[in-house]
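Supplied in structure tokens, the structure appears directly below.
By letter and in written order, the chains are A, B, C, D and E; residue numbering begins at 1 in each of them.
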Amino acid sequence: MTSARRGNPVLLGSAGLAGLLLLLELLPRLGLVDERFLPPTSRIASALADEVSTAVFWQSLGDTLYAWAAGLLIAVVAGVLAGLVIGSVPVLRALTASTVEFLRPIPSVALIPLAVLLYGTDLGSTLLLVCYASFWQVLVQVLYGVADVDPVAEETARSFRFSAWGRVRYVLWPTALPYVFTGFRLAASVALVLAITAELVIGSPGLGKDIATAQASDAVPTMYALIVVTGALGVIINLLTRTGERRLLAWHQSVRGEVAV
Amino acid sequence: MDILKKAGLAIALPIVLFAGWFWLSDGSENFYSPPLRTILTAFGDTWTLERLRTDVAPSLLRLLAGFLLAALIGIGLGVAIGLNRRLRAVLEPVLEFFRAIPPPVLVPVIMLFAGIGDGMKVIVIVFGCIWPILLNTVEGVRATDSVVLDTARAYGVTGPARLTRVILPSASPQIAAGLRQALSIAIILMVISEMFASSNGLGFTIVQFQRSFAIPEMWSGIILLGLLGFALSLLFRLAERWALRWYEGLRAAQRRAG
Amino acid sequence: MLEVKGLRKVYSSGSREVEALRDLTFTVDNGDLVCLVGPSGCGKTTLLRCISGLLTPTSGSVRVNGDAVTGPPPGMAVVFQEYGRSLFPWMSVRDNVELPLKQKKVDRARRRELVDTALDAVGLSGTASAYPWQLSGGMQQRVAIARAVAYEPETLLMDEPFAAVDAQTRADLEDLVRSLWQRLKVTVLFVTHDIDEAVYLGRRVVMLSSSPTVVQDELVVDLPAERDQLNTRADPRFVELRTRVYEQIQKAKKAAVR
Amino acid sequence: GSDKDSSSSGGSSGGVDNVTVGVIPIIDVAPIYLGQSKGFFKSRNIELKLEAGQGGAAIVPGVVSNQFQFGFSNLTSLMIAQTKNVPVKAIAAGVSTTGEQGKDFGALVVKAGSPIKTAKDLVGKKVSVNTLKNIGDTATRNSVRKAGGDDKAVNFVEMPFPNMQAALEKGDIDAAWVVEPQLSAIKATGGTEIASTYVDVDPKLNVAAYFTSQKLIADKPDLVKRFTEAINESLTYSDAHPDEVRQILSTYTKIDDKTRAAVVLPKWPVEINKASVQTLADLGTKDGIFASSPDLGKLLP
Amino acid sequence: MLEVKGLRKVYSSGSREVEALRDLTFTVDNGDLVCLVGPSGCGKTTLLRCISGLLTPTSGSVRVNGDAVTGPPPGMAVVFQEYGRSLFPWMSVRDNVELPLKQKKVDRARRRELVDTALDAVGLSGTASAYPWQLSGGMQQRVAIARAVAYEPETLLMDEPFAAVDAQTRADLEDLVRSLWQRLKVTVLFVTHDIDEAVYLGRRVVMLSSSPTVVQDELVVDLPAERDQLNTRADPRFVELRTRVYEQIQKAKKAAVR
């Protein structure tokens, strides 16, 4: 009703992105950075146009997206399940806390030799790294979400003798859902980051490998074009997540606030 | 008694896992996964006090600087974005854009602007670990109870006090979740940033071990990273406990058996 | 039968220790309707939470039909004082009322019937599809009541359930509880701070002292079983009983002011 | 996990061996791509699959675990592996210096107008290499010593080749040890070469080699033999047909046409020059890169 | 002076449209004490939120001393119906009461005095250091009242502020509000669903109809200014007035049942 005053979010978002592109165009044009190292938007765009017209690019994009989606799916399912189980059983929580904290900061990149050892440059390698990194994102968020259950709501469920499953399904899950969404959004981009990094370093096919090639070949505009593709993927993924969030979290304070005056 | 039990629970699983690892790997012939026994020996030989001073200390300093800076920027920006719908609409795609770019790809670009010193490494850390803080702060701020907000408004709790006394405390549980996550990401990025243009540091040392095929030493470095992460998260947990005692109390009050 | 014996509850969080209940003993027969009155903060909610197995007492015991209560006993429904927070904000009013029935594995048709009847009885048939946070305070409270009523419990615990509704609705709800009690032979334990309500509703009234709490007095309401708002409240015996309860409470409060 | 070596890679079907080779997408490996396109491998019943990653991090573990059957690596790295008893063995030459001062495919460069004229002037300065404690800094130290400077007083920093030009121009570093195609790019913008480090080590220096695991040598000697023949044929062919090399670059790198025509191509002799490798080994030992001096008899074919 | 003119409020979220207020017009003179009664869900809370500037009406206007209300006007204190949620769980009781005073830049000594007096007046002097969630429902509500009282407002809006306290405390609090009103000349708008309370407290009673809501009736309470719980409630004029209010509300509810 008041969207005119507030502005259309899509429009505003596009304005934000346009501002970024303009800045990238101006920085080298004004001589603030050397355009050989950071080419202006227009040059990147033309390199991007060249890339887009090749079949190899779409093949790489497909490979990256596949690794991303598969890894993310595994990580989210595993993270949510583990989070709900660990979070709702205090003993398990105490038991696993130290191990989780130990494993979490181990960088995926340090695991590359291990991954290659197990899977070579197959999809398996990338998946291993993607899953490892994004699993923790989801897990930690879900753990915090489970801890956030309103005691009165929890007791209401207990007093009506909800089954364990009922409590998870109807109380724990909805409370944790906003956290799951944050976790999902974090994991989605971490998965993308890792998918590309793995391809970059190991050389399994995908955008990352193309970036590595462009880098090694001093093809700077092409490299940036591919980076832009990565970023654009991130924006699209976020857009989709947001849409899902608005549908599933209509009841939540954070979303509710957008409806009330 | 209670503390003893907690400590017992905390170390039980690691002990089991390490014992399992030790036992399973004992006869390992594989060059890349040597027996844990060898790794532990290497650990003692590698991580001497001198090593800790020259390699671990600088890493830790960069890590802390990066983490604190990320916390500062992340919370500040997060609050602003969480409170202002229009700002959120404008910035969200841009932020999502940067969030999706892998740090290893971005390092060269950052190097362009920040050179190759510690500054570059700190920026890389900030760049990578700011996201969970930012996202959680935004969500936490947006989720502030409407009655709480109304109360604050009605009593003229506005301006800075609204921020420090109402918005931030109310969002603090979720901000803590973000900080916690950022901490381990910061460690990961510490390693990544030291893979480029570096001549000391924990990450550099591990990568160096890996390249020079000192595999037991490399594993010992990874274990050290894990230990470091564990220690830092323990510290963080203590700080969180203290800062969020109201929240823990609130949650625990009605749960505790007596 | 519901037996409370030597019940004591001390809350201790940090340095603060509160002896909410000192020593409570009383019984409620099956099919009885007992009202519980007592000054604010004397431990009525605490008592109800102990009875419903949500809180472990410090000492003493609660038995339902001979079995010690360790968790929520089957067939018990509770209306919480914090009605607003006891409703699930992520579900519509209908779903909130229906969910416990689903958990009880009531079949779909019967569920629909129970939900509709209950919502109708509390005057909310028009708002079944709204979310709880779209309702007024009193409406929310009535949803919580409808949920308990639809559940068809054997034992019904209600913690100041009519606090947020207007006088007329309150009278209607009082009659609803009485008719439910008579029709289904539910055992009802009803916490209220309204003395008239306690006498009008109850077959017995249990009066609690100020904190540290003991049973101050008990009283059988020997009014006819058929009661109505106009005549019963005008009955001289009613006035007599309410005066008695009032005096006891006064006494309890006096004792507290040392 | 090293015992699952009969999967698609490394397996054979109908007498054709599927072989995966781990390479780096740089000019050095052009022969194997060229050989592939010329059918040198197919004619020996080898179905070749080339995996190109950013750095060597994945190649050696890949070869050791038989995920790759062969790999490409510089010799210093291979010698480090040898001293650590990594079970690998070189089977064919990879790439060699051109042997011409000022016209090699790797060199030390400074930016235009730099007061640094010779390697000797690097004393007390910052020099970038792509990997510390590897061929780059041994070779550079050697050049500094040869020019009469104290190599201990040179500060090395690590950074990827593509970053060096910008760092050089910004003054973050004083000199860069760099290879093609970045070398041409820097020279094109006025950068000057102050030493041809590979040539300084040995005019016939073998820089890199193709290698495999000792297990594969033991299990499938025939495959190793055929692969070596194919790679040798490729090397010879490449050395003789520089234009085709420049052409093949466009298929696996993104080097633009102008640079492709301008870059200095390395030499691809078939023989590994043992003496030059020994020199490299001695230099590395002197600089403390190896824990013990490498046993070339075990490493080289 | 508080003027409400042609106030209309329609909630619309998604497909659901609720006309909470249809057309309200009334005024409250400075220093007046007006009680607002009406059936549950008729829009009392909505009205209060519009007056306090927390909610923008769909049409119509609210003026305080001639100025249109767009945000919370200075010098106004509100006691929310959702008392539990309106207290900040991260602050102790004392801090909760003190924070608005800090915002008002009351100096430290005076603040301390005001807080102590207010907490004492609601009978909570012993629990100043507890967190709100360590208190019983009635105690929480009294904290919210103490907060409003300590604020020394010019205008005081109270939304069913005594719903959760026992009869005796309620009587005490009623007298507290009256004495505050007489002493400080505060303008009070008091929402209640207890008809006796409305008549006992108010100088005027405004009765609202069922939703869609208009002003059903207004009534000046011509009881003597000096009131006390025993005599006033026994006054025949009191009984007469309360019957009149009761009848109007009945009528309002009847009208609603179409």
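By definition in this document, a contact is a pair of C-beta atoms (placed from the backbone, for glycine too) under 8 Å apart; a residue touches a chain by one contact, two chains touch by 3 or more.
All figures in this text were calculated on a predicted structure; none of them were measured in a lab.
**Q** Any chance you could name the chains that touch chain A and chain E both?
**A** In this structure, the chains that contact chain E and also chain A are B, C.
**Q** Count how many hops through touching chains it takes, at the least, to reach chain D starting from chain C.
**A** The fewest steps needed to get from chain C to chain D is 2.
**Q** So the centre of each chain is just the mean of its C-alpha atoms; given that, what is the distance between chain B and chain C in Å?
**A** That pair's centroid distance is 48 Å.
**Q** For chain A and chain B, let me know how many angstrom lie between their CA-based centres, rounded off.
**A** The answer is 17 Å.
**Q** Could you list which residues of chain B touch at least two other chains?
**A** In chain B, residues 30, 32, 108, 112, 145, 210, 249-250, 253-254 touch at least two other chains, as defined above.
**Q** Give me the residues of chain D that touch two or more other chains.
**A** Residues 2, 57, 61, 64-65, 160, 162, 166 of chain D touch two or more partner chains.
**Q** Touching at least two other chains at once: which residues of chain E meet that condition?
**A** Residues 13, 82, 85, 134 of chain E each touch two or more of the other chains.
**Q** Which residues, counting only chain D, touch chain B once they are in their complex?
**A** Of all residues in chain D, those touching chain B are 2, 56-57, 60-61, 64-65, 77, 80-81, 84-87, 128, 131-134, 155-160, 162-163, 166-167, 170, 172-173, 289.
**Q** What part of chain C is in contact with chain A in the complex they form?
**A** For this pair, the touching residues of chain C are 49, 52-54, 71-72, 74, 76-78, 80, 82, 85-91, 99-100, 102-104, 131, 133, 147, 151.
**Q** Using the touch definition from the top, list the residues of chain B that touch chain E in their complex.
**A** 145, 147-148, 150-151, 153-158, 161, 165-166, 169-170, 172, 246-247, 249-250, 253
**Q** For chain B, which residues count as touching chain D in their complex?
**A** Chain B residues touching chain D: 30-32, 108, 111-112, 115-116, 196-199, 204, 208, 210-215.
**Q** Which chain A residues qualify as touching chain C in the complex?
**A** By the definition above, chain A touches chain C via 150, 152-153, 155-156, 158-163, 166, 170-171, 174, 177, 251-252, 256.
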